Each structure stands twice: as C-alpha cells, then as structure tokens.
C-alpha cells in the first residue's frame, strides 16, 4: 500500500479550506497566505503526480480502491489517465493564480463586525472547490464522481452569490440582487442537471449493480453486461444532460453569462477555466466509456448543438457591452469546440478537445484576470467606459492583447494547437460541420479585436487618465500564464504525449477508427 | 550549413522578444538592436545564398528539422525548415529590404517616444515572414502567415490613439482572417486527402487524387492568397492599412507581406497545375485586381493610398502570372522581387516627402518639391520609371514578361488576359505619372495656406515640433533615410536587367517551379512594342491633365467613375451595408433572443411554478372542516380505487 | 345466526373455571416500552408530590434517565440478536420484537432525548419576574393575557407536565411500530396522539395559534382514528381475528376451511379492501401524506417549536413503522392492490408538498410542507416492497428525524420581541449577524434538499434505489423532479440568510443553554456522518430490514 | 335477523357521524359526531364478534370505550381552553393559520 498520492491532492486543499476558514477575523492576511501556501503545496503534489504518471503505462494509474458504501455498490476508487492528469495539473496550476488575483477581492467592507469573516470564507471556499474538482477528475467510481460533481455546486454558489465586484455601476443594492439571482440561477441549473443525472446514476446501478467505471466498461466490452438499446440511450441522456449544463452547451448556457458577469473575476475564472471543465471531462470519461453505442447514436444531434454553441456564442460575444459577459459568451463558443472535438470521434478531435480544455483554461484565465485588473481600476464592467488604456497602462494593454490573441487562437499560442486539432478531427469525419465551424475563427477575431480596440486604443478617456499600470502582484499572476501559453503553443509535445494514449483508449471504447486519408487508402 | 536556417528566424525573433519585454531602459538603444539583428539575419541569408550558389542546381535544396511540434495519433506536424531557391529569393528580399527599412526607420521614427516598440514589431514581422517562407509544411507556414498578420495589425495600428488607425488595423486583421479560414480549410483537405500537409509529400502525391479535390484545395489556397495579397474580393483592407507609419507601408504592404499570397500559389504549383479551373479563377482574380487597383490608384489624392492602389494592381500582375502555370511562375516571382525594390523605394520616397511636409499626405497640397528634396526626387523618379516599365529598368523586364505569358496562355482567354494586362500597364503609367507630377512638379501649392486641416490633427510627434499652422518648410531628409532610398533605387534600375539577361532568374528558379516557355500568338517583340506604346499613351494623358495646367488644390467633383474610385469603387460601402450593418442587426437580435427566449423559458418555468404554488396553497384555507372534507374525499377515493382495481 | 351457535357460545363461557393460566409477558423484550411508560407514571406522581421548585429538574432527570435506560435496553436487545435471529412475538402476540421494531424504537428514543433537551431549554426567553421560562405556558388552563396567567407567571409556575406527556407519547410511539395486532395498533395510536394534542396547546407565546393548532390536530386526529377503527372492525370481520399473522394467512388463503356459516363475511375481499384502505388512510394521516396532510402546516406552525420538532421527527418514524408492518406483514398478499394506490399517493405527496412550499413565508410552515414532500420520498421506498425498501426507509427515517429536530431547534433560537421570529423576511441577512447559526441551518437545509455529503442525499439515494430496483422507475423520475422543485425553496432560504442585507430591526439570535446546543450539535454531526460514511448505519438498517410474522 | 343488517346500521351511523363532522361548526358537536363514529365502529365490532363467535371484537369494543373516554378528557380540555380564550367554540373561527 503505497502513499495515496491522489487522495492527498484532494485532501490537502480540503484541510487547507478548513484551516483557512478557522483563521480569526483579525488575521485576515494570515488566511490569504495560508490559502496561497496550501494551493502551492497542492500544485507540488500535482506535479509529482504528473511526474509519476507513465504515459505508456496502464490506462489508470496511481489507483486507489477502498470499500466505502457497500450497500450502494460504491467504492472509493481513484485513478488517473492522461486526460485526468492533465486536468488535475491544470486545476492545481490555476488555483494559486486565482487566489493571488483575488487577493483583495474579499476584504470586508465594514471591519467592525468581528463575526463576519468574508476573506477567510472566500479563500476557504476556493480551496474547497479545488479539492472537489480535483477528486472528480480522479474518481473512477461513478457514484464518487457524482457526489463531488454535485457537492462542488455549494461552495461555488456561495462564491458567486457572496462576493462581487467592488465598485458596481448600479450600486451595491442592485448588485447584490443581481448576484443572488446569478447564484441561484447557477445552482438551480446545475442542480436540475445533477438530479436528472441522479436518476440515470440509479438506473445505471439497477442495470450494472455497481459503479466501478472500469468494471462496467469491461463488462460492456466483453458483452457480459447487456444493456437494452433504449435503456442505454436514456441513461446516456441523463448523464449527458448534466454535463451539457455544466459545460455549458447551447441552449443550456444562459446561467454562465450571469454567473461570470456577477462574480468577481477570479471566481469567474474558477467557473469557466476549472469547474466547467468537469462537464466536458465527464463527457469524455463517462458518456463515451459507459454508453459507447448511445454516444454514437447521439453524435449528430450533439455536433449540431456544439456547432450552434460555437457560432451563437461568438455572435453574442460580439454583441455584449459588458467585458465579463463577453468573455463568458466567448467561453460558450469555445466549449462548443471542445464538445465538437469530443464527439467527432477521431483521435485528433479528442486529443484536441483535451488540449483545448487545458489551453482554454489558461488563456481564459489570462484574459479574464487582466480584464479583472482593468475593472478593479475603473470600477466598471462596461466596455464603453474605457478607451485609450494602452497609452496610460501599456503593460496591462499588452498582456490583455496577448490574452485576447490566445482567445482567438493565434498560431504560436497554445489554443491554436487544440483548436486546429479539433477542426481537423471534425473535418475528417464531418467535413460540412468542420467547415461551418471555421466561421467561429473569424468571429473570434472580431469580438476580441473589437473589445481591444474599444477599451485599449483611441483617445484616452478622462476616467482612464492616471490609471496605474500592472502592479507587481498582478504581473506575477499574468506573466507565468502568458509564458505557458507561448510554451504550449510552440512545444505542446509534453502534453500530447500524456493525452494521446488515453485518447486511444477512449477511441477503442467507442470502437471507432480514424478515417483513412484518401490517397493512402488508394495505395 | 543547414543549421544556420533556424538562425535566420531566430535573430529577429530574439530582437522582438528583447525589445518588447525589455522595457523603457532599452529606449535609448532599441532601434540599434533591432536594426543590428535584422542585418544579422540578412548576413546569414547571404552566407546561405553563397553556399547555395556553390552547389549545383539539383542539390541546392536543404532543410532543417528542429523538433516535432504536434504529434498526435495520425497527425504529425513538425517545426522544420526548407530552404530552396524560391525560399532563398524571399529570404534575401525580406532581410535585405527589411534591413534597409530598419535603417530608414531610425530616422523616420526618431521623434516617436515608442520607437523601441516599433522596432520590436518590425523584428517580429521579419521573424514571422521568414518563418512563412522557410516552413516546410503548410501548418508551420500558417503560423508565419498569421504571424505576419499580427505584425501588420500591430504596425498599422501603431498610432493606436488615432481611432482611424485602430480601425484600419482591426479591419486588416479581420479580412486576413477570412483568407486564413481558406488556408486552414485547405490544410484540412490536404490532411484528409493525403494524410499529411508537408510540402514534399503533398506535392508529390497530387497525381494520386482526383481533380475535384485539387480544385477545392487550390481554390481555398487562392482565397488565402486573396486575403493576404489584397486581391479582389478581399482587397479592401490595403488602402486603410496606409494608416500605419510609412516604413511599414513600404516593407509590409508593398515589398514583402502582401506578396505572400503569390508565394503560396507558386509554392503550391503542383496543386494548381493539377486543376485548370483553379488556375483560370486565379488568372481572373489577378486580372480583375490589376484593373481595380489601377483605377483606384488614379483617383486617390492621398499619395500613400495612390501607391497602395498601385501595389494592389502590381500584385494583380503577379497573381495573374502565377495563375498561368509553369509559363508564369518564374515571372510572377521576378516581378515580385523587382516590385519589392521599386515599390519600397517609392514608399520610402513618399515617406521622405511627408517627413518634409509636416506629414501632409494630400498630393494636391504638394507641388514643385523637386527643388527642395533632390535626393528624394531622383530616387522616387527612378522608382517611377521602373514601375511604369520604362525600357531598361527592372519593371520593364518583369512586367513585359508577364504580359507575354498572358497572351501565351492561348485562346480567347489569352487574348483577354493579355489585353487586360496591357490596359493595366497603360493605367499604371497614367496614375504614376500623375503622382509624379502632382508631387514634384507644378506650382508650390503648399505655400500660403494653413497646413494640415485641423479636422485631422497631425499625429506624428515629429509634427508637433513644427507646430500646427506654420507653413511647411520642405527639406531633404537625413542621410539615414536617404541612403536606403538610394540603394533601393539602384535595385529598381538594374534588378530587372540583371535577372533577365541570360534568363538568370529562370535558371535559378526552374528546379523549384519547373518553367515552360510560353508561345504568344504574337511575337514577343510586338508585345514589348505594345507595352511601351501604351505606357507612353498613359504618361501622355497624365501630362495633359496634370502637367500642362495648374492642379486645383480642392479636388474637383470628378466623373462618376472618379468618385467611385475615390471610395475604392464602393466596395467598402458594400461591406459596410451588408456585413457591418447586417452583422450588427444579427447580433443585436440574437442578444434579444438569448435574453427573452432561451432565458425566458427558464425564468418562465420558475414563474409558472410559483403561480401554481400560489394557486394550490389557497386550498389550505385554515378551516378544519374543509381539511376534514379533503380527508374524507381522500378516503373515499382510496376505497373506490382499491375496489375498482380489483373489479377490473 | 343459528341458536346452536349462540348456545355453544354460552356454554363455553359457562363451563366451571378450574384455573386461569396467567398471560405470558416477556418483560425483557418489552423493557424499553415498560421503562418509558413507568417513567411517565412516575412523572405524574412527581407532579403530584414534588414541590414546585424542584419539579423541573426532577422531571428532566426522570425523563432523561428513563429514555437513556430504554435506549440502552433497545441496544441490549439488538445486541442480543432479538433484531435478527431471536426476533419473535411477545406479549401473547400483541407486540413484535424484531429488527424494524428495535431500529425504529431506538430512533424514536434518541429523538425523544433530543426532544427532552429542547423542551427543557429555558435560556431563550428573557426571565419573567426573575424566573427562567421555557417555551411552555405558565399555566395552560388560564386564558392568555388574563390576570390568572399574570399571577401564574409572577409565581413562576411552569408546565412541567410536558415531560410526562412527552414520555407517554414516546411510550405510545414505541409500541406503534411494534404492534402486532390491530387492537394494539389502535391503542398505541391513541396513546401517543392524545399527549401530542395537549402538547400542541400549551405554547407560552402565540397561545391562540397554539390552541387553534391543538383543536385542529385533535379533531382531525380523532376523525382519522375513527376511520382507522372502522377499518380495523372491517378487517376483523374479514379475518375473524385481529392478529396480523392470522389476517395475513386469511389473505393468502392458507386458512382454507372457512366456516360456511360465515361465508358472507369471512374471506370477503370487499371487507378486506375497504378495511385495509381505511386503516392505511389513518396511518397516512399520521405521516402527513397528501390528501391527508392538511393538518400538518397549521399544527407545525401553531405548536410550540420544540413540540413541532419532536412531533415532526418521531411521529413520522412511528407512523411509517406501523405502515411498513401493516403493508409487509399483513397485506403482502394484497401488494398488487395497494401498490398502485400508494404509487399515486406518493407522487401527489412529493409534488404537492414541494410545489406548495415554494411560496411559503413562514419558516415553520415551510418546514411543514417540506416534511410532506419528504413523506412522499419515503413512500417511494415503501412502494419498493422489498427488504431493501424496508431498510432504505428505516435509514431515511433515522437520517430525517435528526435533521428535523436540529432544524426546529435552530428555529427556536432566532427571536425578536414577539418570541420566535418565524417569518422568513426576518431571517434576511442572518448569515451576516451570526454566521455560525446560519451555516448550521444551511447544512440542515442542504440535507433536506438532498445535496451529496449530507445524510439527506444518502437517504434519498437509498429509497430511490430501492424503488428503482422494485420496478418503480417512474417514481424515481417524479422524485427527482420534485427534489429539483424542493431545492428551489431551500435555496431561497439560504439566499435570504446569506445574500440579502440584514434588516436593522431584524431578530436577535439567542445564545442557548448546552441542552439545545447538544440537540443541534448532534443533529449536525449525524447529518454529516450519515452523509459521508453511511455504511455502518446502512448495515444496521439492512440487518433490521426483516419483519417477523 | 340477518347479522349483516347490524353492519349496515353501523356503516349508516358512521356515515352520519362523518357527515356531522363535515357540516357542523360547533367544536363540541363535531366532537360528538366523532364519538358517534366510534360507536358505529363498536357496533360493527360487536356484530362481527357475534358472527365469528369469538370475543376479540367485544374486547376491542371495551377498549374503544376507554379510548373514547380519554379522548373526551383531552378533547374537552382543549376545546374549553380555546372557548375561554376566544369566547367561541366554532371551528371556523379558529382559522388564524392558513395558506
């Protein structure tokens, strides 16, 4: 029995959360540093996992398995494949930046009340989310996954509803009402998704008798577990619905703009860069493995929805007047790409989708966090309130531009690799869809450049005069992300090496072969 | 030797990184670093060239494999370079002209506080452009392709505080993106057809697939070329791109980047050869553009925009040539190179003029400047002669060959294309003469008038020193600016002759783009004669219009065509109405839909639930007896149902 | 009816009696009940003889000790295997001592202990004339606001009778799920109902509402029990006996030789069906299932909150226990008749409770409606008609009762000038004022909503799983939907507590004595433990899942 | 006389009682109607007891009486206290809590 590394990656932040929450009100900064330290320690653990993981080894590695709730056929089973490792690493990587970026976001307005400890709460909740996200990336037991998939809603809910932008254009009163509306919307959307999934989970138990991903997948593979076509489809839909809400896929997306708009930027990043990835990850991990036939059956419909998401999200992003909502709709478009890649059922598509999850996490973090710094300076989310920032704060403008270029997936930056893989992978099997999807590329350029032009260029607005450039802390947040974007754009091999074998497994799960190129076929 | 190839790209890339991350402390030396690295890259290029010339024609191609870029099951993209004669030509052109323009910029941007960043961007451009021409596969080429797009975006919008500049930059990037979509689709098609997108394998395998596939790929490549090389219908961005500093216009929007499209077509020769339809389309695009650009060029009073129009039309020539297939490829490239010389020279000249004229760009407010800036006058003049194809100068050779080839295409197509090319030559002569006359001859219209109209405040810090309303004092530019102009002038005088004597250029490129001698239905001599004739006619017309009498300072209303041409033949208005307005309406309505429909459903369900609840809770009216009633009824139903269940 | 039969009947009675063999009573196995009832009687004596000053403490002591002892007895019995191997019928077939009985008795007793704690809480209200006061009237008989009451308050009277009443109620509840014949069932029903009626009426604050609640509860309860009794009569007429086992045999037809003279009644399915329906209806009334639920909101709101808490928890446990035994022991042969009916009841209960709760504005009413919805969820488990179904229901009841008591205990803490501030608007911003209390309440709400890592989720999963396996997949879907609806109003409260600005005139949160703290603390602990590591308790419920017959 | 008739009578009484509960306002009367229902049950029990020729039914009847008595005690206590504080024994007046 070796050291339970995976458990540690989840338990550490969980304990950190408790400890942070326990810090007395007066010692606010202690809580911040504690949280940061814990998140960094978690990052170290994640790196160890990354190192210990052998791409050419078994499918699931570092596995742990303990009895848990026998009556429900539930075991505490952890294990990571390449996809899981990548996403665990991403999560562990982003959280410190999120914490650092939100350093002052939760300082209490009135310091008199000693009972009310928002700061401690804020960072504790972030760590709690980290723990739950990580464990749901590691769970190889459907029930275990489901538990944390659902449970993570609660801390997220408090993060969204409890903390908002400092200065709000409509004043604090409306701000808080909008916030709680957004939070409730977020929770109900995902709860409904989760509950529908619960029905499917129970159904799965009735059919399979246990929740172990591997056992069920094997049983499906060697035919010892028969599933009626209709049953499989219903179960698939139950699972997929929950993931599509989380991802989010059109038309289940409307919670995201509200949530990202009202939450503080670090939390918005947490939502779109980390938490939502659980949805797409789960599609790849659970939908395809447990219900290969149904997945193939549903593919056309899902691809169309994904396509709509891509175009629709991009168009709405163009139409936004609020920076954060714009990024939110951009994310919807990107999630469309991810889902498209997953269900294109080609190695390129799925590898691309996995890379996309990672890259989108980093690029959105970069763009959104810089946007947050901008907003915190001016106290407004409206694009119209800015102009000529690059004149007064060139570094801020530059980083913002790079984040934007990553978002429009400029070659040389990480997102390009994944986006192109997704497109190629889709095109290989569904040329028409692939071609239509490329429209998304143009629209992406449009909304990013329009955003940049309106905020950063042109004559300097009076309110923008004397806006300070990025501070040291903020630079520490952004610089590494940008470096990472460039590195993974130029040399993504380390990542692809990890991801590729896992994707091959998935492909064999769904018994799909890549379409052969015409010429070689001729040979 | 191969290992030097990477350095070609690395040097300017390093420069860009250093200059852009270096911060203010590099302001003092930034421009020097940038220029030095550009020059270094040029030197490396020359060394490689020497080495290449040393080898015999067959073994001149060399490559360098750096590392595996995107290794995914069934999908291999490498970072690897390929240096053959074609790439080499471009390398020399890019680094050479690039270095010169770096030097020029030292003077031109002297008073700009953000000069360091300017050089950073220029270096970034060089790196990307070199990557574009050195890549050994289409995906890596795509990286360079978008890289130059980015650089051009940054440089066009260099004076970001000018809304017009920012808009122009955005426009350029977007239009290019449309082209890029074409390129990416082409790559996907190659991947699904050949399973790879490296030049070698793809171009060898073209024979094994159907013509339909090839046509599709070729047309997609053409779309990309249209975007980058400002060919109709994606030409609209080039004119606005003149918002950028003049050296940028010279380097990117005249000499190098805009010719990338031609490079792409020539590089993909085998694909185009495999699809006559695609070639026909290409020639048509070229022909249309060369007229379009020429006409626009005639109407513009803004010197840079006039030159931009001319660039457009010259590239039209190249695309036309490239579309002609083996009989045209070489001449396309040759014209590309010569054009690189004289057009860069012309732009630098224009810049020099503006430099001396408080950045005035309206030629109607020039006149008689030859006395004041002799060097500029001479170099510009030589460039002018070159472009109109004055016998003996470089433009004459390259353009003449293209027109021949056009006729040589044979059949009616040949006649049409040839005559279009001829007509273009005439118009070229006309508008260039117009520029020449309005700028350097005639009375000094810039005297006794308020300078640059307040509506468009002068933006270059250089101007602020002169003061707004002071009458300009035309003066020759400093050495650092004139020397590059002189060098380029030399190039534009002798380049063509050097290349074409003994078909040097043909032999040089033949191994890459196999060359076929075209047989025009009329003798080459006749064509040449015709070319010269139309040129003379064009010049004459221009002289009649602008040389004899004075040129009005305020532009006359002009004919319908003129007015249309001033507005880029209404093509922008079309874009505005159809794309911009339409897009705005679409997005606005979608935002509405998203809020009311998609979201409305959700909120609606919640509302109905609430309403239902409100109605149901009225049952709970507080009266014990009504509760009893519900119990009694419930019991009754319970009993009834149980009995019925049994009955049925 | 022929004369001979009558004669024979007389003669048997007229025989000379030589000896009476005394009924055989297994005191050991009945000890839990006996202890509690005995303690209740002692409590009555205490009221009679112990001086007023020391009554409160004496009563509290007696009740706690008695309940603890009874619980110990239950544990001992379970440990002694009376839940599994040695399970059997006691007291001449009147009482069954088996797994479900012991499990539910244990649950009820624990709930009772916590109930005593909340009953005994005297720190929440400000002292009246130097006397600590609890939530009960100084003198229930006196008219609220009258001089006599003022005098009573001045004299520092307190209604210590609540403790014996509570004990009697618990005693009845202990018997109810264990009752093995219809008579015992009926008696137990009354024994635990009557004290509850009284307890509802004796609130210190808002007495009018309290009395109204009592009247409604009483009248409707009596009405329901009349139905039950008539049903019992019909079943008796059908089977000729009130013993569960016998009735079951008659239902199965294992008792073949039906006296031809009685063919008209005996084995007459109409009697059986009507009777069964009426008895079940009486039980559904107690669990508060639609459409027999309408007393629930009013009573929950009017009764003194500690009583509400106890009632909400324990009554449900006992009533569901009895329902299970009736359906699984007496009427398994009738499954195909009662399942569809219960199906329908469960559906309307789940949806009805959840939907109506959405627009509630009083926290106690809100919890009442949520309890109705939960009754529906539990019914889903009942329908499974399998051992799994039983154990899942047992587990759910255990989990649910602790959450409920804890939640109502928290409600007692939030007070303003008029006593408990139960109107939701007053709870706005509670999270800012006293984060801890708000957080605790949030935990309970999340458990009600069935969020993972809380006992609520484990329970819900258990019953839905059982239902699905029992072939009632439809129920699961409905259940899932209504959980979604229910989530909405639990969330509403959380939003109110944490995300709305606190009102200036908002309520204060009283600092309770260790008693209430224990109740709440235990509630939270159980909620989380059952949420994270439910296996041990699932095992318990699993072993306890078999009825003896 | 056919014993089944007793059952009919019992059901009749039961229904009358139930109807009374549903229609009468005065709490006391409502309560009396409940008692009537209980008596109906007793009648049924006794009748069945005779038909089956065993004593269970009659025993239950006795218990029922006791229970009824207990209910009276509790019920009257509650109703009286309500009456004293409201000066009305109408169940409809007691409707503070609703919705």
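In order of appearance the chains are A, B, C and D, and numbering begins at 1 in each one.
Assume a residue touches a chain if its C-beta (ideal position, glycine included) is under 8 Å from a C-beta of that chain, and two chains touch if they have at least 3 such contacts.
For each chain, UniProt lists the protein as follows: D = NADH-quinone oxidoreductase subunit K.
Just so you know, these numbers come straight off a predicted model, no measurement behind them.
Engineer: Can you check which chain pair, B-D or A-B, has more C-beta pairs in contact?
Structural biologist: Looking at contacts between chains, A-B has the larger number.
Engineer: Which chain is most remote from chain A in terms of Cα centres?
Structural biologist: Greatest centre separation from chain A goes to chain D.
Engineer: If you average the CA atoms of chain B and of chain D, how far apart do the two points sit, in angstrom?
Structural biologist: Distance between chain centres, rounded to whole Å: 97 Å.
Engineer: For chain A and chain B, let me know how many angstrom lie between their CA-based centres, rounded off.
Structural biologist: Inter-chain centre distance comes to 37 Å.
Engineer: Where the centres are mean C-alpha positions, what is the separation of chain A from chain D, in Å?
Structural biologist: The separation of the two C-alpha centroids amounts to 65 Å.
Engineer: Could you put a whole-Å number on the gap between the CA centroids of chain C and chain D?
Structural biologist: Computed value for the inter-centroid distance: 24 Å.
Engineer: At least two partner chains per residue is the criterion; list those residues in chain D.
Structural biologist: 18, 21, 30, 91, 94-98
Engineer: Do you know which chain C residues sit against two or more other chains?
Structural biologist: As it turns out, chain C has residues touching two or more other chains at 215-216, 219, 223, 227, 297-298, 488.
Engineer: Find every residue in chain A that makes contact with two or more other chains and list them.
Structural biologist: In chain A, the residues touching two or more other chains are 188.
Engineer: Please give all chain pairs that are in touch with each other.
Structural biologist: Pairs of chains that touch one another: A-B, A-C, B-C, B-D, C-D.
Engineer: How about chain A: which of its residues touch chain B in the complex?
Structural biologist: Checking each residue of chain A against chain B gives 185, 188-189, 251, 253-254, 312, 315-316, 318-320, 347-348, 351-352, 388, 390-391, 398, 405, 410-412, 416-417, 420-421, 423-424, 427-428, 431, 434-435, 438-439, 441-442, 445-446, 449-450, 453, 456-460, 490-493, 496-497, 500, 503-504, 514-520, 522-523.
Engineer: Contact residues on chain D for chain B in the complex?
Structural biologist: 18, 21-23, 25, 30, 91-92, 94-99
Engineer: What residues on chain A touch chain C, complex-wise?
Structural biologist: 67-72, 113, 115-117, 146-148, 150-151, 153-154, 157-158, 161-162, 173, 176, 179-180, 183-184, 187-188, 191-192, 195-196, 198-199, 202-203, 205-206
Engineer: Show me the residue ranges of chain B that touch chain C in the complex, using the header's touch definition.
Structural biologist: Residues 606, 609-610, 612-614, 616-617, 619-620, 622, 624, 626-628, 630-631, 633-635, 637-639, 641-643, 645-646 of chain B touch chain C in their complex.
Engineer: Quick one: in the complex, what on chain C touches chain A?
Structural biologist: My answer: residues 391, 432-436, 446, 451-453, 457-458, 461-462, 464-465, 468-469, 473, 476-477, 480-481, 483-484, 487-488, 491-492, 495, 498-501, 533-535, 538-539, 542.
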